[in-house]
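Here chain A shows up in two complexes: once beside chain B, once beside chain C.
Up next is the complex of A and B:
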């Protein structure tokens, strides 16, 4: 019964989201929604290795690889971004294969450190390999509106695409978490040795988790880059925007859960924009001070993230049917 | 005799220390074999070597004639080596889900895994706790989760690392029959235990380790009257050891 009510509420909420571009013509409102959806997708993708306890600060690597691949194919060779999405996803996954070597061999902070180094190296390659990437000048996506070019005169198509991506990645994350891969990752996160002794190939589980995560991040990046018309090494491989931000969203919302990244992205994206606008103009970097304080507060007082505050209330509502629910 | 596990000259060095040194023994199919020894004797290291969490420096481990010595832990598990850990650290999920984790190696869907996990929970009498989080259970119950999880891998040989330690006498009396019951369902058992009464009551044979070496092997009566064993435990100088 309660479950049905919840489903109805979710359906109404989704229909409401579909109607947003019809009622809000303000580009700012639409942009903010679109950005939130992109960050929900990026954070949910970042979060998949976190099911297994692996904390990456190098997801900008996959973002940059995916974005650059599609942009180069389109601008230099005239290949449609719809093929670019496939190529971008694939190249980002190749990046994932490379990062899987430290992932499997290194424990705790050492994987995190090597993920930072990985993204930084790729950023420098993008700066120096001018023939391919135009170096620091970057690549501009020419404004030729058409579905095939993934270029539009209004913000609505990207609004819907970003919404679709967010729903897709949440759905995949939920599916992965409740599949055998999800259980294996969660077991490895809790106790790697016990998981291995119970017959789980934990190296394989971590590897598969990273493949999903890197591929999805590369795919989201392609849409994000075409939404922004421009990419250069400093933004495409940006530590702030695509490594730290998803991680922040994840920690604050609740790392390793399905809904944590969603909550984190919904709170942090508008807040981040607001802080950058108001505090960043007073004194550069002041916005990061607030970020830092929030992070310390959450890690100290709510280590499970905001989702851990909401969950008990949610579980109580659902206790009517006691089928082992998890999120 | 039909040997399930054959260990030959197994040696593991940590730097200059031989944690396990040239240990040879066999586990007979269907028996309950106890493993005792003073603290630091190398019992848990031996378990880590058999389950594959550590790789030996020398020697061999054969299960039903197949060489396990160099195989990774998850393959040994698939071949029939199951184990529990001395320090119980259940995964941070419900009791049922804890048992489902290893089952996913055999069943692909959640539904099948859930049914199978429930059967195992009934066997260890935790079926009423299925939806609880392990943190809300008693130590004795958490130790039974460990056993249930290990049973879920369908082991031929089950290594139990102090599943009775830390329990009060009533709980020991409750958990002890479980070990017999598991054996009677066709699983051979090798177990480490410090509770001598319990150990002597249910094991058919006992291995004794001291300072990395195997110093005695026999029935409980033989072992307890062995001079070397008495020396290892009481520290007296005995001739011929």
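Up next is the complex of A and C:
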């Protein structure tokens, strides 16, 4: 059976990933893997509203909310980041509730615009509210290695955590997409009015999709922030890093599919790092020029994303499922 | 009391520039039906052109309009032809992706070519003010306001009274029927994008005497322009002009009385509220709004 072969291959691949920190002690290799996992998780979380055809350019809002909540609780009140993760997820979901008003009320482009505006407003508030956030100076996570402080002397624990997050979010995305919520969202993406006429509560579906997405993004942010020790408004609410990058990974990989974000993040993250480190030292900003050109190429030649090129191979095995929800 | 009048006047004058940029967007948005996320970057490119014309040739910013506007008109035509036209019939999201990509490319090309430094044009009248009944009025802002008023009036006249203008308005009303009536839609798309781009460019040029340019200067302009178009109503030039002034005043008042850092947050807040309560626009009824996602 081909299905079994696929499962064996996946298991071997996963075991291989688990062994990476044992064989590669180079911090660069570990860092690169960790970063890829983080971006897989972030992109897959970003992608959940995209099942319903909604395209956000403001996920940095949820990232910043989650990250700041945990960092403030830890640095100012000494509360363990493990409680911070719960709080950060919750606060990011509150942000999701706010953004759900434009999400439900507005179609395509105007939701995208309000998501940008939302993230920008939060960034400005984070700069301005110095008493809480230290303003543009940002918050430094003190280096006190301990499991409880989510601070480690080696990169391996974060490697495993990022891997775990990536697997968790892919699993959840797969589960959501094949649950009734996923079908409702995909129906809404295909034709909102027709879906409503069939009795689907599309508003509820969009809302729930955004709740998952915002909560997961907030949760991932907590780990990312503790991995980096520092956060300031310019990075935590960064349009480039946490709004555009996941969106770009998702679009290039294949928006609204389960594996699109994974493929997108695997290709784009190392490419981005390569361009930043090797060409970026020569020409700052060149990576984004390349991204932009790739995006235009994808829009023109493979509107379904890279996954739509690979999918036909797997489709032979199973038919019917997963048509790229591109609307 | 005097302060509030002072603040409102200065906001109103700045609002003239916002109105110009937004009318450019409104035209592109209304006619070509594309959500141009790279709109602010067009302003940025025009600002850099103005800067370099001054830097290398000592050209006065106001004189440089003679070069910048035609160049930016062509720039708009080229963008429409190369980036937008191939995906004219794709879904709304694809168009967003393409213009987001364009804005990324323009921003970062600007970063590579012009570096990230803030650039300003030094002109003798840059800080010039005149006093009128106890209110100080910045001269470059006053010039900007009247230039905006004049060019918007010209555009209004063009749209109302010429054959081409009427054809453009027909497209805003209904693409299919306009095409059936023999309107050369593709050509007019090029024209609309060009004019829209030139209007935004004019906004950029008029900004140069009293503000600086850097690669990401355009991001707020994109958002402001969308706020203004949404408030003013799609296809409504008068509404857009008033909404532009309104946002200028809101920004000035908010910046003075709440916090300068939060002035942008205030109008983004207004944007989100306005778009939720009255997405069809405050002044206009927003023809064809539904097609582009506004209900």
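General observations
Here, the second predicted complex is superposed on the first by the 316 of 327 C-alpha atoms of A that agree within 3 Å, B and C clash if a C-alpha of one lies under 4 Å from a C-alpha of the other, contacts with A are read in each partner's own complex, and residues count from 1 in each chain.
The definition used in the following text is that contacts are C-beta pairs under 8 Å (C-beta built on N, C-alpha and C of every residue); 3 or more make two chains touch, one makes a residue touch a chain.
Here the structure is a predicted model, which is why all the values come from computation and not from measurement.
In the superposition on chain A, A:230 makes contact with neither chain B nor chain C. In the superposed model, A:12 lies in contact with neither chain B nor chain C. Using the contact criterion defined above for the overlaid structures, shared-chain residue A:300 touches chain C, although it does not reach chain B.
Applying the stated contact rule after C-alpha superposition, one finds that A:183 touches chain B and leaves chain C untouched.
Applying the stated contact rule after C-alpha superposition, one finds that A:200 touches chain B and leaves chain C untouched. In the superposed model, C is the one of chain B and chain C that contacts more residues of chain A. Chain A residues 326 lie at the interface with chain B in one structure and with chain C in the other. By the touch rule above, chain A contacts chain C in their complex via residues 53, 55, 57, 101-102, 105-110, 112-114, 116-118, 120-121, 124-125, 127-128, 239, 244, 247, 251, 255, 283-289, 291-293, 295-296, 298-300, 303, 326-327.
Those residues of chain A that touch chain B in the complex are listed here as 178-180, 183-184, 186-187, 189-191, 193-202, 322, 324, 326.
On chain C, the positions that touch chain A within their shared complex are 35, 83, 86-87, 90-94, 96-98, 100-105, 107-109, 111-112, 116, 215, 219, 223, 226, 230, 259, 261-262, 264-265, 268-269, 271-272, 275-276, 279, 292-295. Those residues of chain B whose C-beta lies close enough to touch chain A in the complex are 51-53, 72-74, 77-78, 82-83, 85, 89-94, 96-97, 100-102, 104-105, 108, 110, 113-114, 130-131, 149-150, 152-153.
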